[in-house]
Amino acid sequence: MDFPILSLLILVPMIGAVLTLVMGGGRQKSAKYVAAAFSAVTLVLALFVLFNSDSFSSMSESYEWIKTDFVSISFSLAVDGLSILMVFLTALLVFLVVVFSAEAEEVETDRPNYFHTLLLAMEVGLMGVYMASDYFLFYVMWEVTLIPMYFMISWYGGPRRHYAAIKFFIYTHVASLVMLIGIFAMGFKAAEVTGVVDFSFASIATVMHGVEEGFQALVFALLFFGFAVKMPAVPFHTWLPDAHTEAPTGGSVLLAGVMLKMGSYGIIRICLEALPLGASYWQWVIIAIGLVSIVYGAYACIAQKDLKKMVAFSSISHMGMVMLGIGCLSDAGITFAVFQMFAHGLITAILFMVCGMTGHKVGTREIPLLGGLAGKMPVYATFMMFAFMASLGLPGLVGFWGEFPVIFAFYEFIVANDMLWLLLFCMLSLMLTAGYYLWAMQRTLFGPETTKIDLSHAHDVSKTEFAAMAVLCVLVAFFGMWPDAALQFIEPYTDGLIDILGVI
Amino acid sequence: MIEYTWLIPFVPMLCFVLIGIFGQKTPEKGGYIAIAGAAISFALSGIIALEYLTGPDYPNVVVDSICWFHIGDLQLNLGYYVDGLTCMMMLFSSFISTLIFVYSVGYMGDQGGRKKRYYAEVSMFLSGMLGLIVSSNFLEMFIFWEVMGLCSYLLIGFWSFRHPEGDAASSNAASAAKKAFLVTRFGDVCLMGGLFVLLGAFGSLDFVDLFNPVNIQNVNPDTLTLGMLLCFGGVIGKSAQFPLHDWLPDAMAGPTTVSSLIHAATMVKAGVYLVARGFPLFVQNPDVMLFVGLIGGFTAFFTATMALNNMNIKRVLAYSTLSQLGYMILSLGAGGYLFALGMDSGNAALMAAGTAGFVAGCFHMMNHAFFKALLFMCSGSVIHAVGTEDMRLMGGLRKQMPITSITMLLGSLSIAGFPFFSGFWSKDLVIEAAFEAGDHNVLFMVLWVLAIVTAFMTAFYMFRMWFMTFMGEKGKNTLHAAEHGHGESPKSMTAPLCILAVFAVVSGFFIMFGLDGMLSFTELPGGFFQVGGGHSEGFEYFSELFTNPYTYLTIVLALVGIYIAYLMYAKKKINPGRFNREGESVLYKVLTKRWGFPDLYNQLSWKLGYGIARGVDYVDRQVVDGTVNGLSGAVVGGGEAVSRVQTGDVHDYSSVVLLGIAVLAVLFIVIAKIMGGI
Amino acid sequence: MDFTSIFGDYTAIAPMIILLIGALVAPGVHLLGKKRTATWGFALAVVIVSMVINVLMLVDGWTGSTLGMVYYTDYSGLMMLLFQIVLFLAVVVSNASVETTRFNVGAYYALLMAASTGMMFVAGSQDLMMIFVGVELTSISSYAAVSMKRNDARAAEAAVKYVIIGGMSTALTLYGISMLYGLTGTTNIAAIAATTSITGISFVFGIALVAMIAGYGFKIAAVPFHMWAPDVYEGAATPVSLFLATGSKKMGLSVFFQIFLIMFVSGTACAKIAGPEVQYLFAIIAAVTMTVGNIVAIAQNNIKRMLAYSSIAQAGYILIVMAVMSEYALSAGLFHMFTHVFMKGGAFLVVGALICAGIGEKISDYRGLAKRAPFMAAAMMLFLFSLAGIPPLAGFTSKFFLFSSTMGVGTAAGISLESQWIWLAFVAILNSAISLYYYARVVKTMYVDTGESAERIKVPAAFTVAIAICLVAVVVLGVYPQLIFDLCETASHALLFA
Amino acid sequence: MIPFEFFLVLAAILFVIGAYGVMTKSNAIIVLMCIELMLNAANINFVAFGAYNSDVMGQAFVVMSISVAAAEVAVGIAILLNAYKLRKTTELTDAELTSLRW
């Protein structure tokens, strides 16, 4: 296709970001309409790409960018089954966050337009990460997502926002720099063969497949560290609960919904695609980290008093499931790890919307202070219950298909390795997940109405909030009942990936 | 018509959506939609069952499925699976549910806007059960299984906020709902593990593949045993068997109609149904069946004890449900044990005896559905009138509520095993199955004794309940109700009672008209298994039963139980306090504390859940986060410290320069020495 | 264009000559006209003329020498361009800055131009004596420039420190050169290298080397010869700080390249004898420099001091070139020097502009700046993020090349992955992450904190123009580095393989 | 003929004396003089090497360095005068000349 639709996916939000940025004075209030328009256009474009999955290969674009004696960098974009879901998720969530936040307090502050600028800027970065097929571009976009998030937290965040923002910023920055060294190493190793440090995915992957295991394992470790922090996997997770606790609702939604996926996306796209031997070398480590994240995250959830922090830890637990699926290095494992990424993106968006509403409608997110909200805010309670149920993996909703098949893939793996007892950890985590969600629900929604805080100003979900969450709920149910709608994109991709991993 | 089987669960699901969207605007907030949905499902079930049972396919299974998606190379399907068992299950489930929904119109009439939620949820509940019944594979079944879990959570917690009786009751309902979900979730997780094992071993979860003898032969028997034990874990959770039984008494916190739905038509029957459906796999190993039987038999006895001294009308019924579920599992276990032995030795007689146990279990499940639905709805009617669940505040209601009292009496007689009532037939068959199995394993003999004793206890506590409620002196709330003119319940409630009472009395006779043939579990030549199409004994049962001396033993024990209850609670000839030192005896206290199980659950969840969680949280804050903060603190502190070198005195600057030169010179020489340059 | 027909034998030093003439005439212009602005206009015109000539020669690819003393190559042309840009940035705001307008402007511009001339001479030299003289011209001019803020006690103190440490460094350099001269009997760098490759190295050689590293390390402000830098940058007028931090430092680095890189770059005869030793020495200096610079910067409350330490750290990054010693590394280092001019220069310009607007040098004075001066705050944020290496800004792109150069040796023959300097890459990235902390702190102060005053600030137009130039450069070089990177590659090739 | 090493040792001693002075003397003028001492040490080296190698380059360098040193001292003294005017001291250890720190 000659029409540069992938570039447009980056360009449209970029224009939107600039427009909202320069909307000063009295026009600030209307920034939300501009943002909504631009994010809607992006969503339409993303849907267009999604529904033209036959012509993915013809959509890819590549422009020479930097060409020196030693280095060759191109501006290349491509989509495939793995990235298109993430692109769609990004476009969707940004649009919904704009809608959701239409009356939120972030847009009531003295810089309402900046909020939308940040959202759209983040969209630029996310789109870039998910579509890049050149390491330089990938890394640039990877870092571009940091700054809007940093400002999102430090401008619109909670009381400890400075600490959280800087921690988020530096922690993830360190990780991405380590990843950068891995990228350098790959580039130079590949250059020994090709004669020039060509940072395109394809050229590096081609050479890497023939490189010995020791090197692959080393580079894998560097890259994996970078991605694991982003995911985040225990024990590199501590930036996440703080960031989430302090971030505004819209920021949290994007952070958990799509930014964490950058980590797992990177592991699949780079670590597995380029370094199959490294993946098999570290397989047990990946699995161990995945398992520990799942159980540790679930346990940590139980102890949390802040509703949002609990949900943040649940993200750690659920992303551990992604890690586990990847660690199986099998068709089923990777396919459903990707599905879990998608599923978690949808579910966690509702979760954080609900938590955000708890904060600004009730006034506190401290679980011990809440109680009996279901009577006061029934619609809110319904959404919360729905999101919790989806997140704990209720069959028929999308979360289940990220869990059941992944654990099954893991089961096949451990049976093959005669380590069946490891299944107990998965079982335990499923129990714990149900436990913390239900306990939280019992303490917030049910029981006698709380008297510890003043509920007289608490009001139920507004129209825009309802619309945003309802769309997500419908999608959660839709993909839960028809997972093939998403799997049809993932499966062809995984088949190709398994061929690569077949060299193991 | 049979290809429309999928509509059976679909219609209630559609009702759920419709009520969810439009419920608030329709009369009774969607109540009529729910009733219509259930009735349509019942009608469809009837038509399809009739078509199937009279059609050419019978007794072969009719199954059809479409591909849903793949896990790796494995295909997962959506489909329906119709055989004799399916027909029976969907018929009584949809029928009883329809009646319960009708009853709800009266019972829940005063709940205002909340009714919409209620009807939506019960519709989904029914959809879950019917879906489970017609599923063509384990995964599909598991999904509906979990949907029911969700609905039970929602419905048990129906009053978990703004409870009409105040805050304490709301808290209670909330915690009961959570407990129900979590405890059954524990079983569900086991079941999920079982599904992994089966899927891994067979490469499919379709019943047609799993029950295929060729496939079974190819599977490692140990793997299969593990898988079936894990699946049975799910049964223990869902059907509330020991030791996961304790959620069920708490689940009485929901509206009574919900209890009736959970206990009679849906939910707890799902576990029994799973055992029956998975029978071909369960019978591959007699030890698994022995385990099933042990759990069932012990549960039957153990839970009946707690009903003996309970003062809450719904709780008594709850314990009786547990006990009866134990019977069903015991029966399936005993039958399966015999069948497995028969398969191993090729003994046709043993296999026939095993089939009888299977039939008994399913038969009891159906009978229990009728009389337990009836009993719960009667208790609901009573509670509706007197506004309490404490039997000590009732008493003497017979005159005030004639229809309720009579229908409840019929239900009680049925469950107590009074001759010719439905419970009598099935319970006797169950006990007989245990006895037969006792010939081959002495453990089943023990279970048989427990079953006999349980039959006695059942008769006693059921009539204790009936006498305390309807006979004797008028209790406080009875009088209060009389003052306010709260008499018999409205027609929408009493009509279903009457219909159910008829079934509670006569459903036992179904077995004379070919039900046993329809439910018979047989191994066909070639190793295929089949439910239905077996030999129907018809009226021979009658003679068989009454030529068996043990039948008279159970009858006598039941009558004695009823009589003792009569003496104690109607005539007040015997003071029950004599046996328990006025509630001071250790046994009495232990029973009141439910053998300590709630405490055990609490302690376990507190220690294993919150206790470890606190530890993890501490580690997270202090160690993991502490390391990060410590590192950053060290860098910042290091910066402060190093900046102090910059004293501002130019002498120090020059000293540092010269010192630096010295160090660099030494370094250069050392490096050069190491590298051999000099 | 035929430059020789215009400038004759002096073509190679034409840009310097013009500046030098400017430097000589500027005081006269001031005395004659007594008009600040006129002098400024004159100085600016001279700088621009010199820059235009240089750019024309560079683009034309002209090479040649004057008297065999000063050589105009692609390398020296590029370095001259860099120094001219620095000078331009310093001069263009000097008429607007309240710090410099009370100076004796004639002398002030003369000093700046003379200092630049010195730098440019250094860039064109291939002989230790020429380098020494060029460096001293720069040094002495800049001592005076620092002390020009005559009624400012801090400037006076800074100048005292600068002159003392500077003088000592001169002595060290001279002593080192004398040793080297004694060992080899020549001051021509190529000849020294040739002789050393025959005689081998000795302790005396090592001491000479270290003394020279110390002497020129003072210019670079490499640890441990850095301690004057924060004091001087803080005390001097901001345009002068800018000039020192971006210009004078680059001259020191250029000296390193021209002496040690030429001698020890891999493949030369000299490198076979002592290459790895020298590389390790520089690697250690680089690692220590960036680490000390970054962690001490965290503790700073004065923005100029913070920028000074950040300059030290940036010099540490560029010293990676001296450790890796490859053509690719040199290209990357040159490119980073350019981007550093724009981002650090831009940051100093913002500081200077805000001083003009009455805002102090304390970081806490910048509270709520985003509302008071949105453009300044945004520019400062971009400069700082660029310094921290956040894409897609120029600082990131140059660091990308620079850090990647540690991975392998790139020569015209091919590229091979070397594990030798990966540890240096790790030190560099960790430092990069640490630096983010103090840069982000300033950004936070500007954008998140609320200040006492909310009134809008007006800054002089000249500053705005200069800052805008830097901003454009930072963004453009970030997304389109090839604009300058090609030149850097030609230059490094010219330096190493001419 | 005086042995060659004597020159080098003399130069080294001068250099060390100068360096010691720079590090310890508190009066800025004396420090400047010490720097001169260091420069002259280098000059001696140059002259000695030049003579030894019969090379004029050494002496040429010395001429250069002497002029540079002169310029440096001139500027240095001027700067000190300026500082004295503003700070009323030339003692480098005084608080007035150590205010820029940390």
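Just so it is clear, A, B, C and D label the chains in written order, and each chain counts residues from 1 on its own.
Simple rule for what comes next: a contact is a pair of C-beta atoms (placed from the backbone, for glycine too) under 8 Å apart; a residue touches a chain by one contact, two chains touch by 3 or more.
Worth saying up front: this structure is predicted, and the values here are computed from it rather than measured.
Looking at which of B-C and B-D shares more C-beta pairs in contact, the answer is the pair B-C. Taking the mean of each chain's C-alpha atoms, the chain whose centre lies closest to the overall C-alpha mean is A.
Centre to centre, using the average C-alpha position, subunit B and subunit C are separated by 78 Å. As a whole-number value, the distance joining the C-alpha centres of subunit B and subunit D reads 96 Å. Subunit A and subunit D, compared by their mean Cα positions, are separated by 64 Å. Distance from the subunit A centre to the subunit B centre is 37 Å, each centre being the mean of its Cα atoms.
Shown for subunit B are the residues in touch with two or more other chains, namely 632, 643, 646, 648, 650, 654. Listed for subunit A are residues 170, each touching two or more other chains. For subunit C, residues touching at least two other chains, in rising order: 160-161, 164, 168, 172, 230-231, 299-300, 437.
Every pair of chains meeting the touch criterion is listed here: A-B, A-C, B-C, B-D, C-D.
Taken together, the subunit B residues at the contact with subunit A in this complex read 68-74, 139, 142-143, 145-147, 150, 153-154, 157, 160-162, 167-168, 170-171, 173-175, 177-178, 181-182, 185-186, 189-190, 192-193, 196-197, 199-200, 605, 609-610, 612-614, 616-617, 620, 624-625, 628, 632.
Residues of subunit C that touch subunit A in their complex: 328, 331, 385, 390-392, 396, 400-401, 403-404, 406-408, 410, 412, 414-417, 422, 425-426, 429-430, 432-433, 436-437, 440-441, 444, 447-448, 480-482, 485-486, 489.
Against subunit D, the residues of subunit C that register as touching in their complex are 129, 132-133, 136, 139-140, 143-144, 147, 150-154, 156-161, 163-164, 166-168, 170-172, 174-175, 177-179, 181-182, 185-187, 230-231, 234-235, 299-300. The touching residues of subunit C, when paired with subunit B in their complex, are 160-161, 164-165, 168-169, 172, 200-203, 206-207, 209-211, 213-214, 218, 223-225, 227-228, 230-231, 273-274, 276-277, 280-281, 284-285, 292, 294-300, 434, 437.
Residue ranges of subunit A in contact with subunit B, taken from their complex: 167, 170-171, 234-235, 237-239, 296, 299-304, 330-332, 335-336, 372-375, 385, 389, 394-396, 400, 404-405, 407-409, 411-412, 415, 423, 427, 430-432, 434-435, 438-439, 441-442, 445-449, 483-484, 487, 491.
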